[in-house]
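Each chain gets a letter, A, B, C, D, E and F, in the order it is written, and its residues are counted from 1.
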Amino acid sequence: MDTERCLVIARFQPFHYGHLNAIEYCYRNYDEVIIVVGMASQSHTPENPFTAGERLLMIRGALKWAGHDLSRYVTVTLPTLEVNRAAVHFVRQYSPPFKSVVTLNPIIQRLFMEEGYEVIPPPVKERDTYSGSAIRRMMLANDPSWKQLVPPPVAEIIERIGGVERIRMLYSERLPGYYATA
Amino acid sequence: MDTERCLVIARFQPFHYGHLNAIEYCYRNYDEVIIVVGMASQSHTPENPFTAGERLLMIRGALKWAGHDLSRYVTVTLPTLEVNRAAVHFVRQYSPPFKSVVTLNPIIQRLFMEEGYEVIPPPVKERDTYSGSAIRRMMLANDPSWKQLVPPPVAEIIERIGGVERIRMLYSERLPGYYATA
Amino acid sequence: MDTERCLVIARFQPFHYGHLNAIEYCYRNYDEVIIVVGMASQSHTPENPFTAGERLLMIRGALKWAGHDLSRYVTVTLPTLEVNRAAVHFVRQYSPPFKSVVTLNPIIQRLFMEEGYEVIPPPVKERDTYSGSAIRRMMLANDPSWKQLVPPPVAEIIERIGGVERIRMLYSERLPGYYATA
Amino acid sequence: MDTERCLVIARFQPFHYGHLNAIEYCYRNYDEVIIVVGMASQSHTPENPFTAGERLLMIRGALKWAGHDLSRYVTVTLPTLEVNRAAVHFVRQYSPPFKSVVTLNPIIQRLFMEEGYEVIPPPVKERDTYSGSAIRRMMLANDPSWKQLVPPPVAEIIERIGGVERIRMLYSERLPGYYATA
Amino acid sequence: MDTERCLVIARFQPFHYGHLNAIEYCYRNYDEVIIVVGMASQSHTPENPFTAGERLLMIRGALKWAGHDLSRYVTVTLPTLEVNRAAVHFVRQYSPPFKSVVTLNPIIQRLFMEEGYEVIPPPVKERDTYSGSAIRRMMLANDPSWKQLVPPPVAEIIERIGGVERIRMLYSERLPGYYATA
Amino acid sequence: MDTERCLVIARFQPFHYGHLNAIEYCYRNYDEVIIVVGMASQSHTPENPFTAGERLLMIRGALKWAGHDLSRYVTVTLPTLEVNRAAVHFVRQYSPPFKSVVTLNPIIQRLFMEEGYEVIPPPVKERDTYSGSAIRRMMLANDPSWKQLVPPPVAEIIERIGGVERIRMLYSERLPGYYATA
């Protein structure tokens, strides 16, 4: 098959401009872009407040807003995995064949590299400015500037589902059960 | 949100015209169609020979061939679950909000109904003519008429990955590990 | 602690007179009876059609009908486990301390014996006359005599939740996912 | 069905007067009370030092001491779950039907509300005075006043099984394996 | 590192001459041999009657009997896995680096080949004569000739632990829980 | 069976002189030593940076260097388990029969004692001087004295696989997924 694909993997908690920039690189240079929503089986935790379904809404809303042709995107939802070297190959199980990988997380970059994939590092500046955990901390601190870090449709969706209130509650309490700490 | 969505859930082992007809109903009547690839974590078993990634290729290839606009589709990959009533809500965790459900499996139909969803049953004829297990049996029996039950791009993908040979091998042997029997 | 307890473990799919007789032995000879509902996480499969909650309703309904004092019963719901020798000790994790074990399944009898528990075998006749799988087969065959094998409140509950219809559907179709074959 | 049930869900690490007060509300206003022991599959961790079986002993001891009729209680033991929205429905799988939910955890309150259940919040004062983690911290600090926060039979059981010593050990070391952080 | 290793993967239910022959090939041609005991987390099922610990005893007993130097063997115990393409890489996670793979199962052969490993097929004759399921069927049929298919120390261990009796019991009954069908 | 075995259980992240001393006690006093590599399914986390395969290399390299006869060692790889009392019996499932247990972790010591095993505590001094987490902290702090705490072949293997660099990366970032905190 001649279709060339780039895979972007993240948790998107929430989707922000750092994600958008990384995805845009793929969108401009490949036939199709595979977006892997990691830890899809987790929600309502401080680190993973949004369901996979809510995250898919954010992703699609942002890409439409950016003027992208959604037909060139393939979405994949990956359950929470135990961390180990085999995880790279679990991604392969869920995803159409891909040539390159883009991710903001340097350890995921390295794991895919070690397994022989071409890994494209996004500009370092991105990581400093945009980060899901920074955005969640702003929400906790009642700092509305988090809205400048996400595309407008993402802010809208978060407001419609009461996302800020949910995150505040999740940081003050915890649900009993398995959490991931990433 | 005003976008109305229809959810189609199946294992797509492989994608066949029965799936296409069910999906087409949604495509004509809803803004967006969510396609849930069930048992995505399983492959290389007699009942689930293809990886989720291969199944996504088949689905997208067939829908493109049918002239559909892929930007109105959202794909979701669901790991193998233990069978119980909560499974309906696990689908909800992975998926954007949806109003209606289409599935060829009458028990899934019923489970979603019991949980309050509108369930649209596809024409009964579909189920008799098109079925993944019937197609796999034809492949085993060296009967090439299975190709008439799947859209041309699906047959092409199966040939390219040596799918018929893989299925024959899987029915003669078994890998040690967890299998689902559906 | 001086309270002496007897543990009864079964899947109760559905609760029948064989279960009742085994439990009655414990009820007459021990201070408290622990009832372990096995494979509680599974439902809507041919072998495990009823949810753990439905099974708890059947158990309590039958024991009340038999005139037992429910305050001497402790119910425990055990998820589906991988079969191995450690499973005996998983039961211990979930249950108050117990001295004796009663079960209709000879292999569970033996596993508990190998781990040093006193195991009380119910009369062999019980196993021939009463069996969950025999009852489910009667339901499939439209043979109403299954009602003679279960206490009246169990038959009532099964009717109220459409249990016979559910079982027929589950034997004709299957849900995709993990099944246990016991 | 005419039996009205109230469901109380907690980890009971250990059972304290806050739990008792919440349960008493249900006991006075409903036919039956379902007590769900959460994270039953975990023990010997700092947050979950006691086995589910030990917790059932505490619960029953305390309710007997409070003069309650145990025959109106149904106990359910729920394994540790991954945190997500579907967890509410996993509780439903394990439990007889219930109308209302009482829990001290505001996020569990909210999750059940979002899924359409009537949720009864216990008085806020309860949460400040009584808390499992506060009790465990007192034990660590060698502060005997924890005994004033739990019914006498609970203190007795904890002493008999060397619970305080176990908790101190668990906070100083850790067992290798999966922990929940709630 | 210059040590060259060959990996042998099987369930060893029980260890037989087919396994020994395959292992001997590795023993003669490589510095070290990695023996992977598959489905180690399962026991007391018809297909996996022996615990991983019992299987390790058989393997070591047989190799000692064959005059091999045990210091050149590395044993690895692998839990039951869901069947999929990533399983090959889960083996890699558990095992020191290896160059070649020997297995009697043609599908495992193929999976390792697809992932780029050198796979050495044992002589076909082996598979026809020696097979774990054939041995278990002989035990069921009270046919003592199974002892000719396993090295003497394996027969001894099976007798000491009452293995034949266990297998007969497991085929007549079943434990409730997850089974693998391989 | 007359072979007397001692079981040593640890995570070996990495293998250090404290492990070697504990193992040597078993080696001198028992026929065979079972080495259980705990949390084998986890790698690339701050607490479990090395794969089980890498840890087996370290263990065998160190024992060879110490002049031990490797044929008297049995290695077992144990997946990450949920923490509870049944875990002791999961070890038994994976391991040949053993009489005594040696471990540096006082809680594992106690759990095995409660289950009736003879537990041999290593000298307390060992625990203060040698510890996996202390070694990993030295690596983070660029303090080369960690090499004095591990046998030379362990230091060599860590260097060959870039272990120090991997640990530094893992402490600065995290992979999304399940972590154990031990």
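Keep this in mind: a contact is a pair of C-beta atoms (placed from the backbone, for glycine too) under 8 Å apart; a residue touches a chain by one contact, two chains touch by 3 or more.
Here the structure is a predicted model, which is why all the values come from computation and not from measurement.
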Centroid-based (C-alpha) most distant chain relative to subunit A: C
Over-half contact-pair match to B-D, picked out of the listed pairs E-F, A-E or D-F: A-E
Taking each chain's C-alpha mean as its centre, the one farthest from subunit E: D
Approximate Å spacing (C-alpha centroids) for the pair subunit B, subunit C: 35
Two or more partner chains touched - positions in subunit C: 41, 43, 51, 80, 84-85, 90, 92-93, 178, 181
Listing of all chain pairs that touch each other, if any do: A-B, A-D, A-E, A-F, B-C, B-D, B-E, C-D, C-E, C-F, D-F, E-F
Residue ranges of subunit D touching subunit F (in the complex, touch as defined): 41-45, 51, 80, 169-170, 172-179, 181
Complex contacts: residues of subunit A adjacent to subunit B: 1, 40-41, 43, 51-54, 56-57, 60, 69-72, 74-79, 90, 92-97, 160
Interfacial residue positions of subunit C with respect to subunit F in the complex: 84-86, 88-90, 92-93
Subunit E-facing residues of subunit C, complex: 11, 38-39, 80-85, 87, 105-108, 110-111, 178, 180-182
